[in-house]
Structures are given as C-alpha cells and as structure tokens.
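Report on one structure; see the data block that follows.
Naming follows writing order (A, B, C, D and E), and every chain is counted from residue 1.
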Amino acid sequence: MNRAFNDRESQKILDIIKNFARKNSLFILAYGTGCGAIEIPPTITSRYDAERFGIRGAATPRQADVLLITGYLSVKTLKRVIRAYEQMQDPKYVMGFGSCTINGGMYWDSYNTIKQLDKYIPVDVYINGCMPRPEAVIAGFVKLQQLIQQGKALGWKHYKENLEWYRQNQQKVIKNWRMPDYNW
Amino acid sequence: MNIWNLLLSAIVTTLLGFIIGVTYMGIRRKIVALAQNRYGPPIYQNFLDILKFWSKESNIYHGVMHHLAPLWMIAMAITILLIVPTQYGSKFFENLSFNGDLILILYLMPFGQLGMALGVGQTGNPNSAIGVTRGLSLLVGSEIPFIMALIAVMIQYHTTSVTDLVRIQQEHHTWIMFSSPFAFLAALCVLPAMFHAGPYEVIIAPAELASGPMSEFGGKYLGTMMSAGSIFMFAKLTLFVDVFMGGSTNWLWLIVKTFTVYLFVIAVGIIMPRLRTEQAIRRLWGWPLVFAILAFIQVALF
Amino acid sequence: MVATNHILVTPIYFIALPLFFAFLLPLLGKIYKSFIRIVPGLMFAYLAWMAVVLLLYVYKTGNPVIVKIAGWAPPIGIDLVFDQFTGFIATVIAILGFLVWMYSYLFKKVEFDNALKYFLLLMLIYAGSIGVVITGDLFNQFVFLEITGISAYALTAFYRGRDGAEAAFKYLLIGSFASTFVLLGILLIYTQLGTLNMADIARNIDKMDPTIKVIAFILLFTGFGIEAEMFPLNGWAPDAYSQSPGPIGAVFASMTSKAGLYALIRLSFTIFDFSSANELLFIMGILTLVFAEGIALRQEKIKRMLAYSSIGQIGLIMIAFSFNTYLGVFAGIFLMLNHALVKSLLFFSASFLAYNSPHKYIKDIQGFARYMPVTALMFGIGVFAIIGFPPFSGFWSKFYLLSAMAEKNFVILIILVLSVSLIELVYYFRVLHKLYFAEPTGEYQPHTPRWNAMLAMVLLALIIIAIGVYPDLVTGFIGKAAHAIMDKTTYINSVFSI
Amino acid sequence: MNTLVVLLLILFGGGIIAYFAYNIHKIVGDIWLVLVGFAASIYYIGYLDVSQVLNIHLAGFVLTLALNSFSWIFGLLIAVLLPLVALYSIPYMKGQDRLGWFYMLFLFSVGGMYGILMAGDWLTLFIFWEIMTWSSYLIVIYRRSEDAPRVGLKYLIFSAIGAYSLLTAIVLIGANVHSLSISKFFEVLPMHSLGFKVLVGSLMLIGFGVKAAVMPLHVWAPDAYSTTPMNYTSMFSGALSKMGIYGIGLIVINLYYHSGISLAGEIVAWFGAITAVLATYYALIQKDAKRLMAWSSVAQLGYIVAGLGIGTKLSVFAGIYLAVLHGLFKANLFMAIGAVERQAGTTNFSELRALIRKMPWTFFSALISVIVLAGIPPLSGFVGKWMLYESMITSGHYVIVVFLFLASVAGFLYAFRFLFGVFLGQEEKEFEHVKEANPFMTVPMLLIALFLIVLGTFPGIMFKYIARSMADLGFYGVTYKMSVLTNDWGQSINMQYIAASLVIVFVLFLIVLTWVAYKNSRNVTTKDIHTSGEPPSEEDNYHFSENFYRPFQRAFAFVYKYAITPVYNEFARGIEDFFQYVRRLYTGNAQTYALYVLLFLAILFLIAKNIH
Amino acid sequence: MSNLQILQITFYGAAILLIAIGLYAVVTKRNLIKIVLGLSIMDSGVNLLFITVGYISHKTAPIFSPSVMAKYKTIHAAAQAMVDPVPQALVLTAIVIGFGVTAVALALVVRLYRHHNTTNIDEIRNLKW
C-alpha cells in the first residue's frame, strides 16, 4: 500500500485535494495589535462577509491557520506574536497588514517597534496601505488562497528550515529571552 | 444477521449519518449567515473544514488522555447512531436497534462527554476546565426534564425500548407528539440545550473561554471531534424523531423530519441571546419541568 | 466438704476477725512496724478464701448456713444467715476487700500512724458492711450500719485538708438522720411484734396495725435509702466519694452502697410485703439514674464524676430489683456484681491518674496516657465495661436488665435507660479522649502506681474480661441468689428449721 | 472443630498474634498479616457454605452460627477485599507507629463482620456488631489527629444510637417471640400484631441505617471515612457499610414485604433516594478528595437502600449487585486516594496538581472505578444502574426514578471533579518528585479494575452468586444470563453488543489517528497552552480548582441552605444546659440536704394511704 | 383518763417533743455546735422513746438482784415482775453509738473551725454541684 502512495502521480492528486481544502477553509487568528484590528470585523461580518470564502475566526492558535499581524509590532508584542506563531499547527500562513509590517511605516524611526516583520516570522502575503480597507483585505485573502492553491505559501517550511537565522534576529531584538524552545 | 452484514450496515449508516450531519451543520451556517444578512459559506463548507483539519501536517497533544479524547466522542456517537433505529422495518439498516433501550441511550450520552472532558483536563488549560464544568452543570439542567418526558412516554406505552415506540407509532399511525403533547413539549424545550445551541452555548463561548473545552484541540483531533459532533447531532435528532414523530421507513422521510426539528433548534439558536450557566439551569428547570410534570399527571390519570 | 460450724469456716469470723484485729492492730504496730500492713492482708485473704468456700458449700448443698450467736435460738438471739443471696454479696465484698487491701498495701508508707488509722478503719468498714449483709437481726443490722457509718465518716475526713472535714460533716449529719429514722422504724416494729429477728418479723408482719406498719416501712425505707444513696437523699454521696482517699472510693462503691442496697432489698422483699414498695423503688431508681448520670455529664472533677456515675448505676440496680420478677432480680444481682467490679477498677485507676492533683480536675490528668499507659488502659477497660461493649461483663448485665424490662414490655423505659447510657458514653469517652489525645498541662506530675496497685487493677480487669467472655462462671450463683431473695418462706423456714 | 468457628479463630487469633508480631518487627508483622488475610479468604471461599450450623450455649442463651445464602455473598465480598487490602497496607502503613495495635483492631473488625454474617440469632449478631463498632471506632481515632476526638466521639455516638435501637428491638423480640433465632423470628412474625412489627422493624432500620449511612443518620460518615487511614477506609466503606445493607435487606424484604407492610418498604426506598440525591450534591462541593469519596459512598449506599426498598425481584437483584460492586470500586477508589496521599503527601484539591504523568497506573484504576461509579455503559456500574432504573420504571415507582436520575446525573459532576482535581490540570514543580505508588499498592488496584472491566461485558459471573443469595430473601428461581439483562416488561439489552461496538469504533479510530498523526506529532507540557501568547512563568500557575462548581451551587442554592448537623448540635447543647441547671440541685449546704430528706419523708407520709 | 395513761402520754410526748426540738435545731440553726447539740438531743429523744415503750407499770427494773430474788423465789416469778429488758439493752448500744457519732462530729467541727475560722455552716460550701 505504501508503494502506491509515494508514487509521484497519486502524491500529486493528494496535494491538490489538500490544497483545495486548505484554500477554502482558512481559520484566522486575528492578532489585533495595531490599528488594523478594526478592519477585521467588517471583513468577516455581513458587510463584506469573508465567510463566503470559508474564512472564519479561530479562538486559539491550535485551531488557526492564518496569523494576521494587523499593524506595528512593539518588541514586547513581537515576543507574544512569535509564541502564538509557534503554537500554531503546521501549514500556517502569516498576512501582514499595512505598511508598518512592511517597512516600519510611520514608526520607521521609533526606538521600540520592529521595522521589517519578515526578519522575525515568515510572512506570506503583505497588504499595503496605512490600514487596508476590507476590500484590500479580501483581495489579500484571495491572493493567499491562490498561493495555497499553487502550493507556494511555504512560509512555515521556510521558518522550520532556517530557524537559526530567525532566532538570531529575534534574540537581537528581544532581550529577556525566556521562551520555551520550539521542539519540532 | 451475520457479522459481515452487521458491519456493512454499520459502515453505511455511519457514513450516511456523517454526511447528513455535516450537511445539516453546513446548512445551519448558511441559515445563520442569511439571518445576519450575508451570503455565508457554501453548504459543503464543513466538509472542507474537516478535510483541512485532517490534512494538517503537525499534530500537538498533551498526553495519552488528550490523544484519546476525540475517540470517546466518536465511539459514543457511532454507537448511539447504531442503536437508534434509523429505518423501521428494514432488515439491512437494523444495526443494533434491537438493543435500543432509552435508559441505555441516556447513559451512553455522557460516555463521550466525560471521556472528552478527561482529555480536556489533561491539557491543563484552565479555560477548557471551566468550560467542562459549565457543560456538566448544564447536563444536569437539561437531562432531568428530558428524562421525565421519556419516562412519561415509557410508562404510557408500557415499553422502555425505542424500537417498540417506533413500532407502536407506525402500527397505530399516531405520533406520540400528539398523544402525549406535554412530554413532547418538555423534550422540545430541552432540545436546544442538548445541542448547546443558542442560549446554552456558554460552554464554548469563544471570547470568554477561548472556545471552552476545544481550546487545546487542533488538527486531526479537532477534525475527529467535529465529525463525531455531527454524527452525535444526527443521532440525537433521529432519537427525538423516533420517540416523538413516529420514526421513518425510508431515509428521505427521516431527513425531512430530522431537518424540521433541526430548523427549530437553529431558530432558537439565532434568536435567543447567550445565558449564564445558572440562568440557563433555572430556565431549563422552569417551563420544561412544568411540562414534564403535566406529562406525568397525564400518564397517571389516563 | 467442710462442715458448716467447723472451727475454720463459720460466717461469724466475717465479723469477729476484723473487729479483733482492728483493736489488736495498735499493739501489733508497737511490736513490728510493718505488721499493721501484713496482718490485715492475711486476714482479708483468709476471709476471702472462706467466703468462697462457704458460698460453694451453700451453692452445692442448697441449704443456707445459719449461725446462732451465743447459742440463743433465733427469735431471741441474733443469728447470722449465710444463704445463697447474702452469701453471694458477702463473697463479693470479701473479694473486693482483699483487692482494696492489696491496692493500698503500700499506702501512706511514710507516716506510721496514718497507715495504722487507715487499715484499722478499712477493717471496721469491712466488718460493718459484711455484718449488715449476713445478720438476721434488724437491730444488729442497725448497729453494723452505724459501724460502717462512723468508719466511713472517719475515712472521708482522712486527709487533713479543708474539704475532707466538710464532706465528712455532711455525711455525718445525713447519716445520723438515717440512724434516727431506722431506730424509730425498729422501735415501731418492736412495739407491735415484740421481736427483732427479721425472719420472725417477716413471719407475722400482718399482725401489725396497718397504719403503724406503713409508718415503720416509710421510716426504714428512708433510713436505708440514705445509706443506699437514693436520689433525693444522696446529697452527701458525691462529696464523700470525692474527698475520701483513692481506694476508699472503691470501698464506697462496692461495700457501703452494697450494704445500703441489701438492707433496702431485704426490707421490701422479705420483711414487708408491700407491693407498692416495688413501685417506690422503681420511681426512685429512675430518678436516681437520670439525675445522677445527667449531672455526671457536667462534672469537671474526675472522682466526683465517678461518684455520680456510681450513684447512677445504683439507680439502675434499684430499677432492676423493682420488677420483682426472676429475670429482674437476676439482672439486679448481676448489675451489683458488675458495678462493684467495674467501679472499683475505675476508682483504682482514676485515683492513681489524679494522684498529685489536689482537686482532681479532669484537665489535670490530660495526656497522662503517654506516661502511665497501663493505668490508662485499665481506665479504658473500665469505661468499655461500664458502657457494655461485648467482651466485658457490663454487656451481659445490661442485656439481662433490658430483657427483664422487655418481659414487662416497658419499651419507653428501655429507651430511657439506653439514652441515659448514651449520656454515660459521652462523658466517659470525653475523659478518655482528654486522657489520650490532649497535651499534658504539665502542672502536676503523673505518679505511676507500684506493683501492688498494678496487680490489683490487672486482677480486676481479668475478672471483668473472664466474666464477659464466659458469663456462666457467675450466672449459676446469681440464679440461685435470685431464687433465694425472691421467696420469703424458704428464708423463714431455714432460719427456724434448726 | 466446626468450620465456622475456625474462621473466627483465624481472624481474632490472628489479630492478637499480629499485635505481638508487629512488636517484634514490621516485616514479621506484614508477613503474618498477609498470611492471615489469604488464609481467611481462601478458607471462606473454599470451605464455608450454607450447610454448617453450630450452636453454643452461653449464659442461658443459645448462640447459633450459620451462614445463610443472603449473607454468604457479603462474606464473599469481604473475602475478596481482605487479602487485597492486606497487601495494599504493607507499603501504605510504612513509617506509622503502633502498627500492632492498628492491625489487631483491623482483624477484629473483619472478624466482627464475619461474625455478623454468620449470626444465626440476634444476640450473636449484636455481640459481633458491637465488637465491629468499637474496633472500628478505635481505628477512627488511631491517627490521633487534632480533630480525631471530635470525629471519633461523633462516630461512637451515632453507632451507639444505632446499636442501642438494635438492642431494644432484639430484647423486645426475645420477650415476645421467646427465641432469638433469626429464621424462626421471620417465620413466626406474620402472626404478631402490626404495631409490634412496625416498632421492631423501624428500630432495626435505625440500627442498620446508621451503618448504611442513611440520610438523617449519616452525619458521622464523611468525617469517619476521611480521618481513618485509607487502607482501612476501603474496608470501612466497602465492606462495613454492607453490614448495614445486609440488615436493611433482611428487614425490608423478610419483615416488611413478607408480612404485607409494603408501604414501609416504600418509605425506606424514599430515604435511600433522598440520601442519594443530597449526598451527591454535597459530594461535588467538597474540597478534599477523601471527603468527596466519603460523601459519594453515602450516595451510593443511598442507591442500594432505594433498590432494596422497592422490593421487586429485579430491584433487590440490582440492590445486591450494586452493594457488592460498590464494595469493590469504592475500595479501589480509596486505595487510589491512599496511594496519592502517600506519594504526593496531600489529598486536598487546591494543593494537588496533575499527577497523571507520574502515577499512570493509579490513574488508570481510579479512572475505571470512577466510570463504574458513574454507571457509564461499557463497564459493570451501568449494569447495576440499568437494572435499578428498569425495576423502578416497570414497577411503577415513577417519582423515585426521577429522584435517582437527579442523583446519578449530578454523579457525573463529582466523578469528573475527583479525576480532574487529583490527576489532571496544570503540572507543578513541587510534585516533580512524585513517583508511581509501590507495586504492592498498584497490583491490588489493577486487579480490581480488571475485574470490573470484565464484569462489564460478562456480568453473569456475579449474577450466579446473587441469584443464589436471593433464595434466602424468598425470591426463588431467579433466572439470569451471562450478559443479557431483561426487565419485567420483556425488553432486554445485550452488554456484549454495546461493548463490542464501543470498543471496535474506539480501537479503529485509535489506529487511524495514531498512524496518521504519528509522523510529526509533538508532545507538549501543560505549560505550553494557549495563554494568548503570554509564556507562563514557573511561579504563577493557571490550575483551576477553587469554586469548581460555583455556578451549579448558585443554581441549586436552596439545596445547600439546610443541614442536619446544626440540629444535632442544638439538641446536644440543650441536654447539656438542662443538666447544668439540674446540677445546681446539690447546693453543697448540709442543711439543704437534710431538708431534702425531710421533704422526701413528708412526701412518703402524704402518699402513705395508698401504700398497700 | 387513768393516771397510767397520763403518765404514758407525758413520757411519749416528752420523747417526741425532744426529737422535734433536735430536728428543729439541726435544720434551722446555722451554728455547727448547735447542730451537733441538736443531733444528740434527737438521739436522746429516740432513746427515751425506746425506754418508755419497754415500761410496764408497776414492775421493777429487770435486774436479778438478791433483794428481788429474795422477794420472788423463782427466776420465773421474778421475771414476771420485771419490765421488758430488751429495749433497755437496745438503748444501751444506741447511747454508745450516739456518743461515738457526737465525738466524731465535734472533732470535725474543730477541724472545720480551724480551716474556715467560722462555725456558720453557710460559709462551708465549697463542695457543691
């Protein structure tokens, strides 16, 4: 029975099904830190209804697939974000909202915010705008779904493979590093 | 009734139960969405959710009991489904319904919930523990009127087994819903509580308790849990239909009946606000208890 | 079998020997200092042995041993009647007298004259109580009662302390009341019947003028009631018990109260034929039981508590005798035996537990179980026996008593007696818990008993357990004794048959 | 030498020798204890049956020793428990002082139990009843904790109330029936007047009710069960309370139902039902595992009394089955608590943290017994509960059934509360050192757990003995099958099918889940939980154990308002105050005593006329 | 009423009066010594009653003195002329007992006085309840 599975052809079909399921049922963990948190309710509820795409809120990182970073991240919140990210289960994606996650945005010269989210956790989709409107958010989601469909949203694998690099960046910024190790 | 036949019918019934249950949940989300003036996900959305959970790569568990938690639920759900007579009269779909006894079913229900509660306990998450205590307290609230209703029916029709009840209703072409209305009313009022719908979903309150007992379950565990939940829901609906609405002789008729009952539950779920635990218990012991007592009086007099 | 009037074994020795040695003791003391301890011991041992032999003889042959003093025939002369009933009580007193002596053998080792006084009075009180029991003459019984009384007054005031004198004076006051009433009673009987011999009085009691007969009965009943510590008349009892030296509490419990009880029973069973005597005994018994046990519940001093409990037990015995049925009397005698044994054990162990504390408060003996384990165990066995747990003799006596009550269908009375014994259980176990669990206050030092006291206590405990496990040891004697006291005619015939 | 007395000799003699054996050395004592334990149980199971009868003539009474079939099954329960508890006690009592004294009393109380079961007449029954009472009292106060006197005294007072009402009944029987033998009493009873039957019946019910902890007389049970050492409590609540059940069974069936007063049986059933409900409601708010299990014992006994009270064939069958079962799983639970107490040092829920990883076998046996306690299907507890409820529904006792369901549903709450409080929840560094209990402890527990599982699908093993024991209660020809339970209306369920379907589905999905999830699954500790990103530090601990069922308590506040204990305290204080007042009668002044004497004389003279 | 009856009444009356006085003293007087006195009065009252009971008019004392023997030759005849001797014997012992009790009572009163330095019986009440 194993021979049939790891043969190229059947593996491909399986991946297609998996990606189709992952694409159409995204459970988001809204880590509403910055000003973007207010954009998420309208996108989910009746005005823009993200649920049509199978996108639903998830209460805990264990149940979630997508981690939304909706704004600037101070060093302190970065530590919580990393912990939440590491608690999520594996095919997990990160969407960065707004310019603050891209290049520090309006807090480009502030002493305690992180400028580039990418250095700390792998981001799959950025949505620019100093807080993107719900339409932009839904466009972001659709982009993420296409990436998943093509199997290219592999931020989580990237994080797993060069964990050291990420750890150095993170410890450079976070001083009292009292975090449990990410035991694979 | 050889073993293979039994196994085959069991598998078919479970699959049917699973599919119907999950589609009911999908329809429920659709109706809730439409009530909230939005399109809502496609009906098969729950299938996708379950499939996504099953396709999760990593799998996090806190220990043996946590690993076994969903198994108690799925074992209970399937067993109850097999015991409750889905198709009256059909040899193939008889499953274990000859064993069907109301007290047995009432005692099977907590089997899953307590097993799952132990797994939840091992995760160590305080929110989930609080959720479980609320779930058990509500169980006390909802079980008593339901049991009184069932006992009233049992005594009126002088039998404790579900199949007998269905046989009586089929033969006399009456529905117990009409012949003992108070028992039906009591059971109906208590039904939303048994599905943790509407005012009684304080157990899995997402904001307050981070989805209560489910908070540490992810990936495959949550998948199994949701499928078990749907089968369990369908089993409870068929039980209700069998006892009060004459059971069914073919699947289509069963689906129609169960869905109408489920509509009532969805309606209550949408309209009613969420209640605190003691308010819920007091409400459950309010009107439903009155109806149950009336049912007893009705049985005692006639 | 030893002949009845053989030189070695005659009931007269019960009285003669103690009086003889009592007056000889001071002289013996001059010759060799520790004679005053050994001689009474030998005497008590001899008398105990003699009592047992006599009882076995009487039990075997069935006919009582009658002794005519100075040869005068009964109606005129004084005679000693040693039948099954009086013999049984005399044997109990004799054995306990020996045990009391053994317990107090090294008593007051230091001062010579105190020991002399103690042993002298002990012999006097011993002679007095046995005299009351075996004498057949009413006035003679009065004289022995007075001997017991006076030696009891002296023993109560034995310690130089302030309270001893007060207790003795109260006892004397009420005791002399008792003697006056008994004397008046005897006077009235003598005026009517011209005789003093109990059997003779019993024979022609109906010749008496009814009103005088009732007055005589009331006077004698009150007099003997005071001696038997009946409820309203026992004001003196708790003080006397608690102030007298350690072993004397046991003496009171086993000797003087037995003498008083015997006189009361003889009065209502043989001398007078009043049926209402039993009702009186019944009511007074219940009152004594309830009030004594209830008050014992509230006591803080250990010996005063034991005193009230002893009075309560006597109330129970009165109730048993008041049924006037074979089973009731049987239970009464068994209760008498059990009361004597268990109360002595409790007094023995309690007095050593509270040896050094002046006022003998229960909180003084807190936690002494860890210093005096054996004494505390003895006290425990005493408590278990008096409550009536099975392997101890208390269980059988209580069972017979209750079956006697059930025979007469007194259900409320059974419930009353059992709830009173529930109260008894509460206050005894409160003391036991203080003894074993509380921390010692350290105010007074424990005083572990010497070998002789330990031996006496262990012997008593063994007897209690032996009777408890195999009651047939004593039920034979008690059965015969019950028959003896029940029928008046055999008593009269046996006295006049010789 | 008649075989019955040999068993008593083994136990009582064994006890005395155990006292000296332990003074020599603990190991000698332990070996002797296990020897006595096994000897007694093998001897009982092997040699004793209903045929031997022995008459002893003592103090004018005839004491007969004869096992009847109804008492034989309780003897079997004790014979099963005794060796297991003996084995369990060896490691449990390590480091305790005065072991000789403890084991002497232990064997005395077991001897007392056997004596009661063997008693052919009321007097022997009462003698062994009292021996059992005072030996168990001495064990209750054995630990000498600071509240031992209060608890011991309360236990002794209530057992004395029970014993004395029993004694009153026995004495009345002795007087009216002129013979104390039990079998003769039940034969000759119908001829007696109704008043006598009710009086004797109710007195005996009080007597036996105290030991079976029926509601108004249950006040001693929670304290006594939790202060005694756990190895004795498993016998105390497992077997000793069954003596009360044995008595109640005799009285309710033979006395009430066979002489036509079925109403009294109903009342007894109601007492049992009320005990079951209230005890369960008190059990779930307890803060200590021992007290929780003590209250749960009271509740389970309530079920059994209700079962016996109903009096139909199926309900008595269910009652006896539950009684024997309760003996097993309750002993197992108390042993588990004992193991936890010994390893972790405490049984208080607020101090205990997750012990499941450290004591897995203890957890497994506790889990099985709790499932049986709650009566959940695949295991044997459900068989008893099912028969009990079916018997009540089919015999028309509707309202009692609802009451008992009230209790059994609330039973799930304290079942979860116990397992969560002791074994689950957050882990704590303080309990790192805890290791699994000594094999001597876990082996007996696992044996009982295994037996309970097997009994679940094949209850017929136990039914054989129960059917035989029903003969003595007048239910002849009781039919039973290996694993099919039938009620009076003809419906029946087959336990094998239920167990099969549950187990197959469970195992099937277990294989699927483990195989699928095996590749990269991650076992995390209880610290790695969703705390909204905040990594929990060592000192703050998110264990939830305070106010566990606070909403439930608020919802059922009316139940918790009333308690019986203050009523008893008030009554006791009343008696003390009354005698405090009466005590003043002895004023201490000699002249007042003289006045009392003269008053007494005057009264006698007043009533002189009617002294005749 | 013949003088014999008057004689009897006076003697009986006197004895009963004595007993009453003694009783009154014991019960009401507070002073210890007065109580002891009361006791002995009561005792002597009872003894007097005993003697009067034994008296038969016109008979001599029950002693076989030579003069009596001379007058009534035989023992039997002398005995007929004598008063009933039994009460007198009893009184002898009763007097001795009364004396003993009074001696002990006075000893106790002395010791009580030494401890409480008061003879009022109301102050001596520490053994109560």
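Just so we're on the same page, a contact is a pair of C-beta atoms (placed from the backbone, for glycine too) under 8 Å apart; a residue touches a chain by one contact, two chains touch by 3 or more.
In this text the structure is predicted, and so the values were computed from the model without any measurement.
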Separate pieces, if any, that appear once chain D is removed in thought:
A, B | C, E
Neighbouring chains common to chain C and chain D, by label
E
Using the touch definition from the top, how many steps at minimum link chain A to chain B?
1
Compute per-chain Cα centres, compare each with the mean of all protein Cα atoms, and return the closest chain.
D
Sort the other chains by how far their Cα centres are from that of chain B and give me the top one.
E
Two chains sharing the most contacts, counting C-beta pairs only:
B-D
Where the centre means the average of the CA atoms, what chain is farthest from chain C?
A
Chain centre separation (chain D, chain E; CA means) in Å
72
Dist(centroid_CA(chain B), centroid_CA(chain E)) in Å evaluates to 104
Between chain C and chain E, what is the separation of their C-alpha centroids in Å?
30
Could you give the separation in Å between the centres of chain A and chain E, each centre being the mean of its C-alpha atoms?
122
What positions in chain A touch 2 or more of the other chains?
59-60, 62, 87, 90
Residues in chain D with touches to at least two other chains are numbered 520, 522, 527, 530, 532, 583, 586, 588, 590-591, 594
Counting only residues that touch at least 2 other chains, which ones in chain C make the list?
169-170, 173, 177, 238-239, 295, 298
When you draw the chains as points and link the ones that touch, which shape shows up: line, ring, star, complete, or other?
other
Full set of chain pairs in contact is A-B, A-D, B-D, C-D, C-E, D-E
With touch defined as at the start, can you tell me which chain E residues reach chain C in the complex?
19, 26, 32, 35, 39, 42-43, 46, 49-50, 53, 86-87, 90, 93-94, 97, 100-101, 104-105, 107-109, 111-112, 115-116, 124, 126-127, 129
So, in the complex, the side of chain E touching chain D is made of residues 23, 26-28, 35, 121-122, 125-129
Using the touch definition from the top, list the residues of chain D that touch chain C in their complex.
58-60, 123, 126-128, 130-131, 133-134, 141, 144, 146, 148-149, 152-153, 156-157, 160-161, 164-165, 167-168, 171-172, 174-176, 199, 575-576, 578-580, 582-583, 585-586, 588, 590-594, 596-597, 599-601, 604-605, 608, 610-612
Which residues of chain D touch chain E in the complex?
583-584, 586-591, 594-595, 598
Under the touch definition given earlier, write down the residues of chain D that touch chain A in their complex.
520, 522, 527-528, 530, 532-535, 537
